[in-house]
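Down below are the structures I want you to see.
Okay, so chain A shows up in both of these, paired with chain B first and chain C after.
This part shows the complex of A and B:
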C-alpha cells in the first residue's frame, strides 16, 4: 500500500468563512499505480494535490490523515513535512514554465536544492544526465538558464528534477495543460516510462483533460464539489461509468468519428454548489437527472465491483 | 557582449556631446556679463581704462570671438584638459578649483549611496519576513523618504549641531586649521563630514528599504519560490534566491536615482557650507563665473554618465535574461 488517505478535510480560510474545498475524502493508491484525478474546476483536485505535499498559507487542515508507505505524513506541520518532501513526496507543479529561478543556471539550481537535502551533486550527476537523455534532453541544458529552453523542454527538466531522488509518490498537477498536443504526448509517455523504470513508485496526475488521463492513468478518480464521485480503472471510467456525473462528464467529450454538425454536444446543466456552505446530502443532487428523496442523505463511497467505487444511491 | 558594449559606448558618447554642448550654452544664455563684473570690481572710472580692461579680459577668456569659434575652442581646450580660468577666483584655473572640490562631494556621496543601498536593502529584506520590524521600518521609511534633502539637513544641523553641539554645522574643516596630513586634521575633517553624509544617507535609506520589502514579498510568492518550498528547500535557500532576484530592479533603481541623489548632495552641501561641487555651483552662479559653472557641471555630467555606464555593465553581469536578449539567442 503506497498512499492511503482517510477522511481528509482541507478548508480555505476566507473573509466570509471557511471554504470546504476538500470535505472528507478517502481513497488509496497502490504501489506502481498511476491514478488520475478528474473533475471540473473548483472540485478540489488541486487542493487535494497540494494537501499531500504543501499546504499554502490560506489552507487549513481540518481533519483526516494521510499515510505514505505506512508512515503518517504531518501535512499540517510545514516544518516537519519538509523532511518528507522531495525524497518521499514530490511535485510537478501547474506552473512548470516558471518553476525555475530565472537568474540561476539549471544545474546550479539543482546543486543548491540537492545540497539542502544533503545530497552531493556530483554523486547524482551521472544519473541526472541519464534521465535527461531519457526524456530527450542533452546534458548541456544544465549549463543553461531556464529562459533559454522552450516550454516543453522546461516541463521535461522539471519532470526529471522532481523525480531525481526517486520519490514514493509524485503529484503531477495539470502537467500537460500548457503544452501543445505533441509535447503533451511526449510528457505523458515520459510519466509512464518513469513509473516503469521505478523512478517513481506511484503517481497522482491531476487534470481537467480526461483524454490525457486515458493515455497515462491506470485508474481514474472523479471528484465533484469537494467529494469523491467515482474511482475505477481508466477503461471502466471511459466505457462503463456508473456515477451520473461521470456519465455526463464523459458524455460531454467529443468522440472521433462522430459528426457534430447536426447533433449538439451536450454539456452539464447548472453549476456546482458553493463550498462556503455546501448543502447536505449528495452534492450533485441539484444537477442530477436521477435525483430522488434518498439523495438528501450523503451517499457512501462504496465498492460496487473489484476496484470500482461509487458514491451514488442510484447505483446498486 | 561586445556589440552591446559598442552600442552603449556610442549612446553614452552622444549623451556626453549633448551634455557638454548644453553645458557650454547655458551660462551664455544667463543674463549678465561677467567681464563687466570683473571690470567693475577694479573700480576704475576712466573710460579708456575700462575699454582696455574689457578688451583684455574678453581676449583672455576668448569672448571676443564669434560664438561658433568659442564653441570649437571650448571642445579643443576640453581635450587638452583646460577648462579655462575662473572669473570669481581669477586667475585660478577652473580645473584646479573643481578638482579641489571633487573629493568633498565624492566623500559624502559615495559612502552615502553605497551604505544606504546596502543597509536599506538589508533592512527591507528583513522587514519582509518580520511583522514587528515591518511595522516599524515601513512608516519610518516612508517618513524619511518623503523628507526633502535640505529640510532634513537643516533638522540635523539644528539637532546635532546647534542643540546638542556634537558636530560642527558648517564647512569642510575648521577655519582655524590648515589642510595637511595629520591625525588632528583628519579627525576634524571626519567631524565635519558626519552631518552632510547623514542627511544624504537617511533620505536614500527609506526608499531602498520600502522597495526591497515589496520586491521580496513579491518574489517569495513567485512560482519558483513555491516550487522550491514544495521540494523541501529550506527557507534560507528560497530567501537567498528571492533576495538576489529582488536586487535586480533595485540596481536599475540605483541608476535612475543617481541624478536625484547628486542633486540632493549639491543642496546638502549648500546647507552645510561644505566645500564640494554644490557650493561651487552656487558661487559660480552668484558670481557669473561662466567657466567655473561650465567646469563644475562638466564634472557632474561625467560622474553621472560614468556611474550609469558601470551600472549598465553590472546589470548585464547579474541578470542573464538581459545577456541572452542582446546576443540574440533564442529561448
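This part shows the complex of A and C:
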C-alpha cells in the first residue's frame, strides 16, 4: 500500500471561523496507481493535494493521519515534513509552469533546487538529460530561460524536475490545464510514461477536466464539498457511476458528437453548500434528486463492488 | 448578417514596433440570424483577435467586416453606438468583467444611462426582469448583490442578460464558459442554444472542441491566423480533412474513447490523405478562377495561398500545409 489517508480533516482559519475544506477523507492509493481527483471549484481537491505535502499558515490539521509506504507522514509538523518533501512526496502545484524563476536559466534553477535538498547537480545530470529526452525535450533547454519555452514544454520540464529523485508519490495539481489540446496530450502521456518507467511509484492527478482523467488515470475519486463521493476505476466512473452527483456531473459533459438540437444535456441546479458551517448529513442533499430523510445522516464511504466505493444511502 | 471578408490583422511587436506579427490572415466567414458559428483554434490562432475586431475593440489592418451591408470597420463614434445596440460581446472571465466594489446593479444602470436615458424607472425594471428571466435568473436572487456573492455561472448569465437588454442581433461569446465548472457550463451552453432559437446570431469563440461541437451549426477551424477548414459542424467533425483539424481532433480527450482508439481511426485517414492536398488538387481540376472561394492574391505563389476550396457542399478546406511558410505537402 503506497498511500493511505485516514479520516483526514483540514480546515482553513478565517476571521469568520473555520472553513472545513476537508472533512473526514479516507482513501488509499496502491503502488503504481494513478488516481485522479475530480470535482468542481471549492470541493477541496487542491486542499487535499496540498495537505499531503505542506500545510500553509492558513491551514490547520484538524485530525486524521496520512501514511506513505507504511510510514506515518508528520503533515502537521512543517519542519519534520522537510525530510519527506521532494524525496518521497513531490507536488506540482497549480500554475507551476508560470512560477519558474524568469531570471535564471532552467539548468541553474534545477541546480539551486537540488542544492536545497543536498543533491549534487552533476550527479544527476545524465539522468536529467535522459528524462528530458524521454518527454521529447532537448537537453539544450537547460541553457534556456523559461520565457523561451512554450507552456507545454515548461510543464514537461516541471514534471521532470519534480520527479528527479524518484519520489514515491507525485501530486499533480491541474498539470494539463491552460494548455492547448496537443500539449495537453503530450503532458498527460508523459505522466503515464513516468509511472511506467518507475520514476514515480504512484500518482495523484488533480483536475476539473474529467475527460483528461479518463485518458490517464486508473481510478477516479470524485469529491464534493469537502467529502468523498465516489471512487472507482476510471471506466466505471464514466460508464456506470453510482453516486447521483457523479451521474449528474458526467451527464453535464458534452461528448464530441452530442448536439444541442438532438439531445439537451442538463446542468446541476443550485450551488455547493458553504463550508464555513456545512449542513449535517450528506452534503449533496440539497441538489440531489434522490434525497430522502435518511440523508440527514452522513452516508459512509462504503465499498459496493471491488474497488468501487460510494458514499450514498441510495446505493449502499 | 455578419460577413467578414479577407480580414487581416498585423500587430507591431518588438522594440518600437520593428517587427510584424501577422495574427489574422485573409479570414472570411459569415454569421446568419439564428445560427451559432464556432471559431475554434488553439492559443495564438487569432480567434480572439477576430472577435475583438468584430466588436470594434481593435482596428483591422485590411479586409472588411460588414453587418447588414454596412462596413463596420470605419464607423465613427455615433455610428458605433448604434452598432453596439445590435452587437455585444461577453468575455472569458466573469469575475473581472464586474467592478468588485459596486453591486452588480450598477452594470445595468450604466447601460441605462448611456442607451435608455428616457425610459422610466418602472418600464426599465420590467425590461430588466424580462432579460433576467430570459437567462433563467431570479431577479430577487441577483439584484442588490456584489459580484463575489454570485457564482461564475450566474455572473456570466448576467452579462448575457445585459447584452439582451439592448435588443442585440449578434452576440460575440469569447470563451465564455472556459472559467465555469462543468455542472454550470452546460446551462450557459443551453442558454446559447435557446437564444439561437430566438433568432440571435452567435459567434462562439472557443478552444474546446467538444463544447464547440455541442451548440454550433457551423465551425471555422483557425490555425496561426488562417482558416484551414470550415463547414457544417457534423461534416467537419465526422470527416476532418485538413491535417491540422485531424491532429486537433485526435488530441481532444474524449469521454468514451481513449486516445489510442482515436489514433487508430485517424491513422487510416492519414494514410488515405498522406502527401495530398485537396486544395491544390481541386484548383488544378477546376482552374484557378472557379475554385477560389476567397479573393486571394494569387499571383505571388503558394506562400500566400490562403483561400479555400469547396470539397463537399458547404465544407471548405484550405491548402494542407500547416504554417504559412511551409511547403504544400503535395508540392504544388
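In this text, the second predicted complex is superposed on the first by the 314 of 316 C-alpha atoms of A that agree within 3 Å, B and C clash if a C-alpha of one lies under 4 Å from a C-alpha of the other, contacts with A are read in each partner's own complex, and residues count from 1 in each chain.
The rule is simple: a residue touches a chain if its C-beta (ideal position, glycine included) is under 8 Å from a C-beta of that chain, and two chains touch if they have at least 3 such contacts.
These figures come from a predicted structure and were not determined experimentally.
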item	value
When chain B and chain C are modelled together on chain A, clash or fit	fit
Partner chain(s) touched by A:110 [first = chain B, second = chain C, both, neither]	neither
Contacts of A:225 with chain B and chain C, given as first, second, both or neither	neither
Partner chain in contact with A:51 - chain B first, chain C second, else both or neither	neither
Chain B versus chain C as contact partner of A:249, first or second or both or neither	second
First (chain B), second (chain C), both or neither touched by A:19	neither
Partner chain in contact with A:145 - chain B first, chain C second, else both or neither	first
Minimum distance between Cα atoms of chain B and chain C in the superposition (Å)	7
Intersection of chain A interface sets (partners chain B, chain C)	none
Complex contacts: residues of chain B adjacent to chain A	222-224, 226-234, 237, 241, 244-245, 248, 318-321, 324, 329-331
In the complex with chain C, residue positions of chain A that touch it	40-41, 151, 180-182, 184-185, 188-189, 208-212, 214-215, 238, 248-250, 252-261, 264-268, 271
Touching residues (chain side chain A, partner chain B) in the complex	53-54, 56, 82-87, 90-91, 93, 95, 98-105, 112-113, 116-117, 145, 147-150, 158, 161-162
Contacting residues of chain C [partner chain A, same complex]	42-43, 151, 153, 181-187, 189-190, 193, 207, 209-211, 213-215, 233-234, 237, 247-249, 251-256, 258-259
